[in-house]
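You will see two complexes here that share chain A, one where it goes with chain B and one where it goes with chain C.
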Partner chain A sequence: MTVDTAWIDGRPATLEDALQAAAGLLDGSRLPFVGGLRTDVAGLRSALSLARRIGAVVDHRLSAAIYPFIVAARENGAFLAAPAEMRRRADRVVVMGDEAAEIGADVIRMLTDASPDLGIGTRGSERLFMTLGSKNAASPGSTASRHVDCASSEIVDVLGMVRAGMAGRRSGEGALGEETVATITSFLTDAGFCCIVFSPAEFGELGTEQIFGLVADLNETTRASTLPVLAAADAMGAALQATWTAGFPLRFAFGRGAGEHDAALNAGERQLSGAGEADLAILIDALDGAAPAEAKAAIPTIAITADPASAGAARIAFHVATAGRDYDGVLYEPRFGSFVAKAAQRNSELPSAAAILDALTEQLGERARDAA
Partner chain B sequence: MTGLTFRKREEPAERLDLSPLTPSRLAGMAERDIAALAVGTSRMGLRVGDVFDVVMGDAATVRFEGGSHRFDRIGEAMETGEITVEGDAGVRLGRMLAGGRVGVSGSVGAHAGSAMTGGVIAIAGDAGERLGGPLAGEMMGMKGGTITVGGNVGARAGDRMRRGVIFVNGTADEDLASRMIAGTIVVGGRAAATPGRLMKRGTLFLCGGAERFAPTFVDNGPADLLILKIMASEFTRGEVGEVPFDGRPMRRLGGDTAVLGLGEVFLPL
Partner chain C sequence: MLTRLSGGHVVDPASGRDGVADIYVEDGLVVDPPSNGRAADETIDCTGLVVMAGAIDIHSHIAGGHVNTARLLLPEWHRAFQARPGETALSKVGWTTEETGLLYAEMGFTTVVEPAMAPSSALHAHLELADTPIIDKATLVVLGNDDMLMSMIREGESESAIADYVAWTVSASRALGVKCINAGGSAAFKENVRKFDFDDAVPDYGVSSRQIVKTLQKAVTSLGIPHPLHVHCNNLGVPGASSDSIEATIRAAEGDPLHLAHIQFYGYGTEGKRRFSSRGQALADLVNATPEVTVDIGQVMFGQTVTISSDELRQFAGSKQASPKKSIIFDHEANGGGVVPMNYKEKSYFNALQWAIGLELFLLIEDPSRVFFTTDHPNGAPFTTYPDIFALLMDRSVRARWLEALPKSVVKMTALPEIEREYTLGEIATMTRASPARLLGTPDRGHLGAGAVADVAVYRPGEDKAKMFGKAAYVLKDGDVVVKDGAVVKRKFGRALTLRPEPDKAMKTRLDRYFDDRYGLSARWFEVPDGALGRDEPFKVVPCRA
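Then we have the complex of A and B:
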């Protein structure tokens, strides 16, 4: 029994016919969109190369989850640490907001499992934790933890009060009383090295800027840094790779050759909803693990997916292998803050997303040569 | 003599970069050369002649007959002359404007007046997000000149504004004047939460009040200041026109004390 690997309008097709049909759609497109981008480094490299050739708009399916971090970091700067360094250096940890404990469970476990052994002021100390949020986000295994109850939506304002107090400026009445604000302030300022773990998506662009600003203020008198945790690690990997390839962290267009960035106009949600200018989408979804269901695209799509059942009404669909599971792949790993190689766990006859994308680029080249 | 007119033939299927169509760049150009200017943003390579009928005239005044939310970058870096748009305009209207006047009868997209240093932008309808604000990676937004908006403005108008005046007749969406460095913003209607977030200096007149402020804005009580009367009278005489405050005492808040706290917000008593 052979496994179907390609479909045209929902009917099984040979790989060659599907590639030709996809190339035909791309030839007739004014402005294609290359999105999804849930693939490994090789797949991303091929996707960006194809996007450049066809003058496409580029975005990752989950970039909205990382944009508050990217915008705040590039516009105001950021103190950022590696989890492995915080594990050895931080004597105080603030888990901020309601999402960090869930999204950053692995990172927080790295901090609760060890005590600081680096730094003159922090070596040998007990690591103290504070959770600031509407739920007690204390991690298992840490007894040295206290919780300050504060609605997630009020935290940015409370941090403003902390900053004002640290600088000797006044502030008005906020969600927490003066005494509680003073408790948070002293927890931060009395640290030898404080680490703030938070989810930027929970606080938005300005809220994230407030947190980075607070850490900058703390570094006037002590040491502090942050571990932003992101719900979409592969989106962060895609943003890094897009930056070293095209100069921008996703949401750019190759319509005029060189990449042009606009975070609002080129957002994938806008292009797929039909409100944008793209008239055809190539959507890549070839990673292990479930991603939130994508809204039905309002424009025709070419699906390159590890789960053909999810291809829905795609005009063309390709069944591909999963990177790091069906074949060796290089993927972004948030615990390392970088890319790591992941060995295959099983054999697969399916092609990789990179192989399909490269074949599509080659097909377009052949058509251009034939037309010339 | 009438100005040089670009008459829209039909709604474009892609966004257009109309930054080449400013008075100084069009001065002395032949009709054929103008029609050949590239304005498309896709690989189709659209040119002026594909989208507009060009009616030649004095290039000191450029007119767009029929607008579109896809007409981007109109009046970019213009130094002198006048551009009028009969209809809507897209993003980045009058970005980096240094002089002259840009008028729009409809509404405009995001980043109108972004990082402008002089001149006047008059928008009869609404303006999108980040009016006068910087683009990604830029350190300053509006640095001079005047923007007037007849309708409402989107989120974060006046972001990182450094100098100049923004007047909004209608309401302002959330986070007006975020990260403001200096300058003056007058809003006739109500401002959504939280105006002035992370502002260092600058002056806001919120004549319709605000949804709420961050606690790092401190109430200074009623302020009966001569400067309020002088400003109201100067605005009335200048490009802004009549403003919804007249020099009577107003309630003053100072903030954002999370950063520097030298900004001021005036509200009706």
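Then we have the complex of A and C:
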């Protein structure tokens, strides 16, 4: 049985015809958008290369999940840790907010599965956890955990009170009483090495800045760092690769050659909604695991997807293999805080996203040569 | 295809040539002139031009997690972010991987070493290097703050066991050598230690910086790794303590090869009312008297830049002087690190004296084969300032002009005005070609003898040395003309030079268990497979010495 690998307007087509049709759409586009970007390093390299070739706007489908972290870090700096180092060293962990325990379950498991074994002041002690959030469900499950009940929306203010107290300044009435604030403060300051796990998306840019500021204050006298957990690890990987390739963590446009960054103007949601300048989208969705469905695009799309059923009303669709599952791929791994090579778990005859994107770039080159 | 570079002034210290000659290139290599009268298929007229081997930069932070964090931290410095491109700080920096490769090539550099690759960031670093066009690359892997090594020293494990661990790390990370950054200092900082000297012991391990450096030096030597242990000393930038640290480290070489990085940052004394003075002469004297030691400078130039270092302790201390006021400090496995923006100001007594100390060291260290040309890019300055530094070294009158613009208080505190030495073209070629190739153990480059890779830089000589070295007339990479009149005309990809020592099987098994049990990580994640980089031939293996 032959597996269909390409469609034009919902009808099966040969790969060659689909590539030609896609190139035709791109030829007619005034400003294309290259998005989704749910693919491996090879796929991203090809996507960014194609985007540069066609002068496209670039963003990842889930970049909204990482932008509060990126903006806070680049505006005011940060203290950042590796999960594996915190597993060995942190004697006190604050899981802050309601989202971290779910989003960062893998990372938190690295901390609950072991006791600190590095450091004079930390080695051999039982790791103490504090959860600061509105739900007991956020508990990491350790026996040595303490929960401080606080609505997520109040946490940033409470941290302001903690910082004021540490600096010897008075603060007004907050959501928690003075005694509780003092308890939180001493939990942080009495640590040999304190680690704060939190989801930047939950606290936004300013809230994230507050958490980084608190850790900066702590490091004046003791040691502390953070593990920001992100709902979209592959968006972080894409942002890092986009940064070394074009200088910016996504949300840029190649319209004038070099990447130009504007996080509002070039946001994928804006471009796909039809409120932006793009008139055609190439959307790549070729990773394992569920991701929130892309909002229905208001502009014509070329879909490069591991799940053709999700291609919907795409003008052109390509069925591709899944990186790290159907073929060897390099992916961002949040537990490692970097990129790792993942070996294929099965064979697939489907092409990779990179192969389709490279073929499309080649097709555009041929058309340009023919036109000349 | 046989290519002839005809009639140029060949400056090739490795072969002793310094005069007009033809260079022949075929199949990517330099070849002897044809003895059978065979005509070249292509001739590049180099009459009136200077012909050298492609330059080699032994210490430039161009790839990896920390470098990329600097890009992330400083979007406002990228030319495209602001409304007036070209006028923004760092607008000339090779900021992306693409620009890095192209800008280096345009200056005639064909091999660049990323000197601070964390084992956990090896794949990331190599992915960036694989995206850096034209130039060949290499990396030094960082050890010396890692639990494994310090534990092995503490437990008194054998030299051969430690060498096995170093071999595994070099092999897995595809490195060309080993670097040690503030040995034990980052680990001590994680224990809240704020100052760490060469003979201080890391809390909980009881091993000193000296023990770590000596242990790694022995391991590197016993494995036959050609490049000596590359050391970033303790107390970088601290007046007095920095020069004490580097003096102690140099004396600890004890007859075996050792490379000291960016020594300008250690040439600081405490004399004068500002408690900041030059110890350039004393440091140069010590280097001159210690033949087993090589150094690179880490020259400071004026303007906005960003410091990128795996010396977490000193980067944390330096973050107080961040300009603009933001920094990122990493508590990673082993070294960690920090990214701290810095603006070196010509009118600042401190910055101007740093500039002068760097040049003192360049000019007072007598043997150009033991002093290497670096700015510790981008820590002292971006690599795009190299042409100006060549001019400062080669022309005393250029130095005098720069000195005139500095605060008078600085001129009183430096020997620079009295130094008459001017580097010759031959000495420049020694420092940037012949010697780096020897230091790295890559005899296939750094010279224009038969069998060398055909990496060739051709310059248009003139009074203005900055102009000469800023835009090469021609650059050949593996025999292909890639740059003409200072602009890239052909884009291709080079390879990463790596060692491939055979790791001991028992050590491999031990490390599988160690990373799994202690860190909850797979040892496989530290490895860089060939196929991961998406290039046909991503690596070129350099042999270890027998």
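In this text, the second predicted complex is superposed on the first by the 367 of 372 C-alpha atoms of A that agree within 3 Å, B and C clash if a C-alpha of one lies under 4 Å from a C-alpha of the other, contacts with A are read in each partner's own complex, and residues count from 1 in each chain.
The criterion applied here is as follows: a contact is a pair of C-beta atoms (placed from the backbone, for glycine too) under 8 Å apart; a residue touches a chain by one contact, two chains touch by 3 or more.
None of these values were measured; they are calculated from a predicted model.
**Q** Let's test your reading of the overlay: on chain A, do chain B and chain C clash or fit side by side?
**A** In the superposition, chain B and chain C stay clear of each other.
**Q** Which partner does A:E269 reach: the first (chain B), the second (chain C), both, or neither?
**A** A:E269 sits against neither chain B nor chain C.
**Q** Would you check which partner chain A:F336 touches, where first means chain B only, second means chain C only, and both and neither mean what they say?
**A** second
**Q** Identify the partner contact of A:D288: answer first if only chain B is touched, second if only chain C is, both if each is, neither if none is.
**A** In the superposition, A:D288 touches no partner, neither chain B nor chain C.
**Q** Between chain B and chain C, whom does A:M110 touch in the aligned arrangement: first, second, both, or neither?
**A** second
**Q** Touching A:M161 in the superposition: chain B (first), chain C (second), both, neither?
**A** first
**Q** Vertex at chain A, arms to chain B and chain C: angle between C-alpha centres to the nearest 10°?
**A** The angle comes out at 90 degrees.
**Q** Which one hits more chain A residues, chain B or chain C?
**A** Counting residues of chain A touched by each partner, the higher count goes to C.
**Q** Check whether A:R30 is in contact with chain B, with chain C, with both or with neither, and answer first, second, both or neither.
**A** Only chain B; A:R30 stays clear of chain C.
**Q** Touching A:R74 in the superposition: chain B (first), chain C (second), both, neither?
**A** It touches chain B and chain C both.
**Q** I'd like to know which partner A:H261 touches here: chain B for first, chain C for second, both or neither.
**A** So A:H261 meets both chain B and chain C here.
**Q** Upon superposition of the two complexes, what minimum C-alpha distance (Å) separates chain B from chain C?
**A** 5
**Q** Which chain A residues are contacted by chain C in one complex and by chain B in the other?
**A** 74-75, 256, 260-261
**Q** Going by the contact rule set out above, which residues of chain A touch chain B in the complex?
**A** Spelled out, the residues of chain A in touch with chain B are 30-31, 54-55, 71, 74-75, 156-157, 159-161, 163-164, 167, 169-175, 206, 209-210, 213, 253, 255-256, 260-265, 277, 279.
**Q** Which part of chain B faces chain A closely enough to touch in the complex?
**A** 13-15, 40-44, 70, 91, 110, 129, 136-137, 175, 178-179, 194, 197-198, 213-219, 256-259, 261
**Q** So in the complex, which bits of chain A are touching chain C?
**A** Residue list for chain A touching chain C: 41-42, 45, 70, 73-89, 110, 113-114, 117-121, 123, 193, 219, 222-223, 225, 239-241, 243-249, 252, 256, 258-261, 328, 330, 333, 335-341, 354.
**Q** In the complex, go through chain C and note every residue touching chain A.
**A** 63, 65, 67-68, 71-75, 78-81, 95-98, 120-121, 123-124, 127-128, 131, 147, 189-192, 203-204, 316, 319, 322, 325-333, 336, 518-522, 524-525, 527-529, 531-532, 534
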